[in-house]
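Here come two complexes built around subunit A, the first alongside subunit B, the second alongside subunit C.
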Partner chain A sequence: MSPTARFARTRRFARRDDVRIVAGLAPLLLSVTALFGTAVGLAVLRSLGVGPFTASDDPTLAAYRRLLADPEFLSSVGLTTHVAATSTVLAAVLGTASALVLHRAVRARRSVTALFGLNLPIPHIIGAVAILALLGQSGLISRVATRAGLLEGPAAFPALVFDRWAVGIIVQYVWKELVFIGIVALAMLRSAGDDLDEAARTLGASGWQRLRHVTLPLILPGVLAAAVIAFAFSFGTFEVPLLLGGSYPAVLPVLAHRRFTDVDLAARPEAMAIGVVITVLVVLIVAVGAALARRAVRPDAT
Partner chain B sequence: MRRRPATATRALATATIATLLLAACTGVDAVSEAEADAGTDAGTDAGGEPETDQVRASDDGPAVGLPDPTDWPAVLAAAEGTTLDLHMWGGSTEINQFVDEVYAPALTELGITLNRVPLADTADAVNAVLGQLESGRTEGGSIDLIWINGENFVTMRQAQALHTGWAEHLPNARLIDFDDPSVAFDAGQPVDGAESPWGSAQFQFVYDAERNEPDELPRSYAELADWVVANPGRFTYPAPPSFHGTRFLKQWLYELSGGHERWLDEDSPEAAEQATRELWELLEELRPYLWRGGETYPTDIADLDRLFANDEVDLSFTQLPAGIGASIDAGVLPATARPYVFDTGTIGDHHYLGIPVNAAEPAAAMVLANLVLEPDLQAAKLDPARGWGDGLAIVPDRLEPEEVGAITEVAQRLGATAVDQAELKQARLPDVAGPLTRILERDWDRFVRQRQPLDP
Partner chain C sequence: MTAPAAPAAPAARAGTPHPAGPPIPVRPGRGGWGWTLAAWALGAALLLPFVPLVLASVADGYFHPQVLPERLSLRAWSLVLAPGSASWAALGDTILVAVLVTVVSLLLAVPAGRVLGTRRFRGRRAVEVVLLLPVLVPTIAVAIGIHVVFLRLGLDGGRTGVVLVHLIPATPYVALLSAGVFANLDVELESQARSLGARWWQVLWHVTTPLVAPGLMVAALLGFLVSWGQYALTLVIGGGQVVTLPILLFAAASGGDLSVTAATALFHGLPAVALLVVASRVLGAAPNLALGATR
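And now, the complex of A and B:
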């Protein structure tokens, strides 16, 4: 489809598009809701104390009440939010910046973009192990520094993994999500073309003005959508904090797993309740993010 | 800007798809967890209801249908021409190979066909037996022999689903020290001849001879506390409920509370809470001297091995009686790493073979339980090159001089990377059941990991 044809589309056509998208997604939606819906339903039931290992079959909010009174759960919510928010903001800013630089500097060279996206297929768990090998107190950097006489030994290297502020986890997420957000931003830049930028230039807009009023609004919906995904992912993922996180506090998914594998079966409803809390929070975040993205597209629509 | 709605739709669609995919991944996990849940249901339910008539097949002494092991030729005759269904955890290639390539041919010579059924979890076999018994299949069951110990053994005993009183009458039982509490008790439960030992494991400490002289090492927990203070930042332990972490602390509790004996039949949670309290106070005092100031702990033994190998800490642990040779060869531990045990002892335990009450071929099961105790096969199993470095179930002292050669030969080859087998046996303390383990793990989490204040 040529750019002119796309421009010629009316809103009515876009709506028909929406229907088509939903229809096309139906098989996916169906299987996902069947799988996911059943699991969430089970988790909710178990979190209410319904199911095996429990004395009564009456639903109770006891597990949720225990969680709210549990300082470990509360600090875990704090830590999880900190990890997800910090890594997402860093990844969004750095990813967008990299996309802008890449777009301007190497417009024609696809190989550079391919290089930029090189770590996308690398699994998170491999990334986590790599961070451990790199940033651990006996990791590569620490060893090189010790060999060079800059450090006295492993203990003198700052604690970047298993640490209170989850630096290692955040670095791992940024490493991966920067590229994810960057690629989305780059695709948005590419599809937007340079016409508007050049028009603004002809009209005398400075570089900053063009970035602020032309380029960023163009790519913002994509960046926001990608950031929401990144946030939701880092909020709910398990293996990275398991490998790089400290003993206390732990992020919510790790805490849920600990409660689930607790020798005391009474802790299982709590594990399920944590799972439900994660799900609800992630859904809320996605909803807010989607609303924000919509507003970013139509600043005039109030 | 007419193009904007399309962009927005695309962005939203992308976000929705990705979110659903993410959700799907989480969903699958939850489903499999739910299934895992369902898997344990049967066991717990069945374990809690041992009253079923069919389950009461055997209580004391060999039951009807169980051949008399004191008449061994008759057992051999009954076993000939049968197929033995051995159900065992199948997660280790070395162990599977050993069973297939050493035991199976030896059984073939006796006219028994071995059918090894690999399990993802021993609890699966336990649940299978309990399910068969509940549905009235009291004989001709599908499982003749289970590789079992610990909680699974306790569950099966609760349900009276194991033949008892046979293990001590096997011909090779003479080689076993049934007075050793770590043989006679499994997870605190008296074994009562309901399972026959196959091998053993024991907690040991690991140090690096390059860094520390043997005579400067701590030899008891009291010495360890002083050593930790004198070498700040050079010691930590895996966080319970990881196996090694819990064992490490349980031994400390033994020493603090004046020995393991009182815990053998102590089952009041209050006593355990009282005794562990002292341990938490001591650990709080030692916290600043631990690795990372006790702010975080390694997750498991693999983590601790890594810290040890990277010269971040000076001690690690191992459970293998054949020592750390294999870990050194694999590069997990430095070549100069050496195992040792405290003078005050370390916890060891055995793993066993048990015959379900509804086994179709109990005679063949006994033949294998006896076969695995043959001195040369015990030696081969101890040898990391042929077996998997598993500890002995038999006592070399009880062997005839001509029988002991194979074990001595393996032990010599293990050299400095293993503790002397006699010294290990000497230092062995039994594990205990009851509420101690649970309280240890629960309260460590509260008072050490979360640092909740200890009430006065």
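And now, the complex of A and C:
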């Protein structure tokens, strides 16, 4: 075959390959962008008071301006950040600790890991109902405390749900996300094996030194990546704070839905604006978090 | 972009977790019964929130400060499990929606997953980001954004609309998981089969399918579970007309009958757990790992 003919053949193959790539991706990307893109695009347009189904044609930032002057929105931003940050930090610490314990539990390893992962398929709404039955004023812990003579009655039990500090919401997120982060950390531990740990031990490193300088750096990438995802989820989950949260301030997803279902249709652009704010914040957090995680994994890059 | 069918083999596989390694030998001071007991205690502690649900579901008048129910009763369970009850109807709708979501997700996601997992091309990163966004962006923002379109198209308040919006978080997620499955596929095996004279459908049926089927089953299972637990999208688009189990459970929780709420919660949760347990039996630890990344 002449070089020219071979070149033509290669090009033909390459083009056929491009066609395959496009044909494989197109149905997925078209449907995802059609649905998700419409949702986000319309939320943006309607938050600006315009769009295919709105009367006005002049985009305005009025809804955003009203939100910035709205104390409920501002405390909602604070509460949402508090809930997401607190639950993510707790879940990361407890998840990592759990992974270390599970990694050392060599006997019945499969069953223990399966038990640990049992709440993963549980929908958030069930977790919220369960936490309510556990931490509510007439919940299980309050009952046990009363029976033990520690409490006068349900009213004496501290408010852990519908409360100002969103303790119930945070507990629910930690309960769910520590398992996720723990499973990721455990997978990292198992794939890394014990050779490095053994080497450090042979060199005389103490248990704490091995943990600090060998084990934790090994699992850090996975833990940070999982924590970023956990943060995004706890920032945006709707049904958990809807069931376990107080009425004022409510977290951003609940506030968005409340404005969305407001009988006053003038609140709709505000609902859309809150939706846009949530979306932008989550995307920013994940982008920044992923970048920071990459940096933390390679300290030499700083 | 010139090499035909250039597989991203070693590079793509480098990031994927190893399969379970060789058994770790038990050494003194490590892997003793102490750690195993601690691990069991940890697992048991995570089950604590389910304890009041189980107790309340079999109690007759479960009032404060009863810890163990004073009178046992199957009232709540017989209400939930009664033929023609709201829970059975909700179970039917939840399964119907989740199965449709799973099937459509697989149809869209598997071809894309194959491309993402086995090919290198410009813009692959961008495609992955586009797929990550619907997984990460809160569903309530998506729901209130798209509601008006569904209203105009008459898709609000119906199961079709609910299936369509469930696709938003489920399909990209299934696609990303499928990409991971195909990244582990050794495409050399396919070319070997082809060079031995197998037709494309023989390669597909005898080589590719057996290699990717377990992984794709995990992806399908997780797509199913994403739909199974979906609340915000169903609430906004279903508008109270489509009563899936999460919607029914929230209504029960707002109702005030703790025993019925608890039984409904268990009725909703147990199939999901059973599904995962069966899947882990068949497929190993993979479902657990990927499941965490769902809302």
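As a convention for this text, the second predicted complex is superposed on the first by the 255 of 302 C-alpha atoms of A that agree within 3 Å, B and C clash if a C-alpha of one lies under 4 Å from a C-alpha of the other, contacts with A are read in each partner's own complex, and residues count from 1 in each chain.
As a convention for this text, a residue touches a chain if its C-beta (ideal position, glycine included) is under 8 Å from a C-beta of that chain, and two chains touch if they have at least 3 such contacts.
The shown structure was predicted, so the numbers you read here are calculated from the model rather than taken from an experiment.
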item: Subunit B versus subunit C as contact partner of A:Pro221, first or second or both or neither; value: first
item: First, second, both or neither for A:Leu29, with subunit B first and subunit C second; value: both
item: Touched partner set for A:Ile21, first subunit B, second subunit C, both or neither; value: both
item: Subunit B versus subunit C as contact partner of A:Ala62, first or second or both or neither; value: neither
item: Which superposed partner A:Val93 touches (first subunit B, second subunit C, both, neither); value: neither
item: Touching partner for A:Val50 - first (subunit B), second (subunit C), both, neither; value: neither
item: Greater subunit A contact set [subunit C / subunit B]; value: C
item: First (subunit B), second (subunit C), both or neither touched by A:Thr279; value: both
item: Which of subunit B and subunit C A:Leu211 touches, first, second, both or neither; value: neither
item: Touching partner for A:Leu115 - first (subunit B), second (subunit C), both, neither; value: second
item: Contacts on subunit A seen with subunit B and repeated with subunit C across the two complexes; value: 10-11, 14, 17-18, 21, 25, 28-29, 31-32, 35-36, 38-40, 42-43, 46, 53, 138, 153-154, 184, 188, 226, 229, 232-233, 236, 242, 260, 275, 279, 282, 286
item: Residues of subunit C that touch subunit A when the two form their complex; value: 1-5, 17-18, 20-21, 24, 26, 30-31, 33, 35-36, 38-40, 42-44, 46-53, 55-56, 63-67, 107-109, 111-112, 114-116, 119, 121, 127, 130-134, 136-149, 152, 164-165, 167-168, 171-172, 175, 225, 228-232, 236, 246, 249-250, 253, 258, 261-262, 265, 268-269, 272-273, 275-277, 280, 285, 288-289, 291-293, 295
item: Interfacial residue positions of subunit A with respect to subunit B in the complex; value: 6-7, 9-11, 14, 17-18, 21, 25, 28-29, 31-32, 35-40, 42-43, 46, 51-53, 71-72, 136-138, 153-155, 159, 162-164, 184, 188, 221-222, 224-226, 228-229, 232-233, 236, 242, 246-248, 260-264, 268, 275, 279, 282, 286, 289-290, 293-294, 297-298
item: Subunit B residues within the subunit A interface of the complex; value: 2-9, 11-24, 26-31, 33-34, 37-38, 41, 44-45, 233, 239, 241, 292, 295-297, 299, 306-307, 310-312, 437-438, 441-442, 449-452
item: Touching residues on subunit A, where the partner in the complex is subunit C; value: 10-11, 13-14, 16-18, 20-21, 23-25, 27-29, 31-33, 35-36, 38-43, 46, 53, 98, 101-102, 104-108, 112-134, 138-140, 142-144, 146-147, 153-154, 175, 177, 179-181, 183-184, 187-188, 190-191, 193-194, 226, 229, 232-233, 235-239, 242-243, 253, 256-257, 260, 271-272, 275-276, 278-279, 282-283, 286
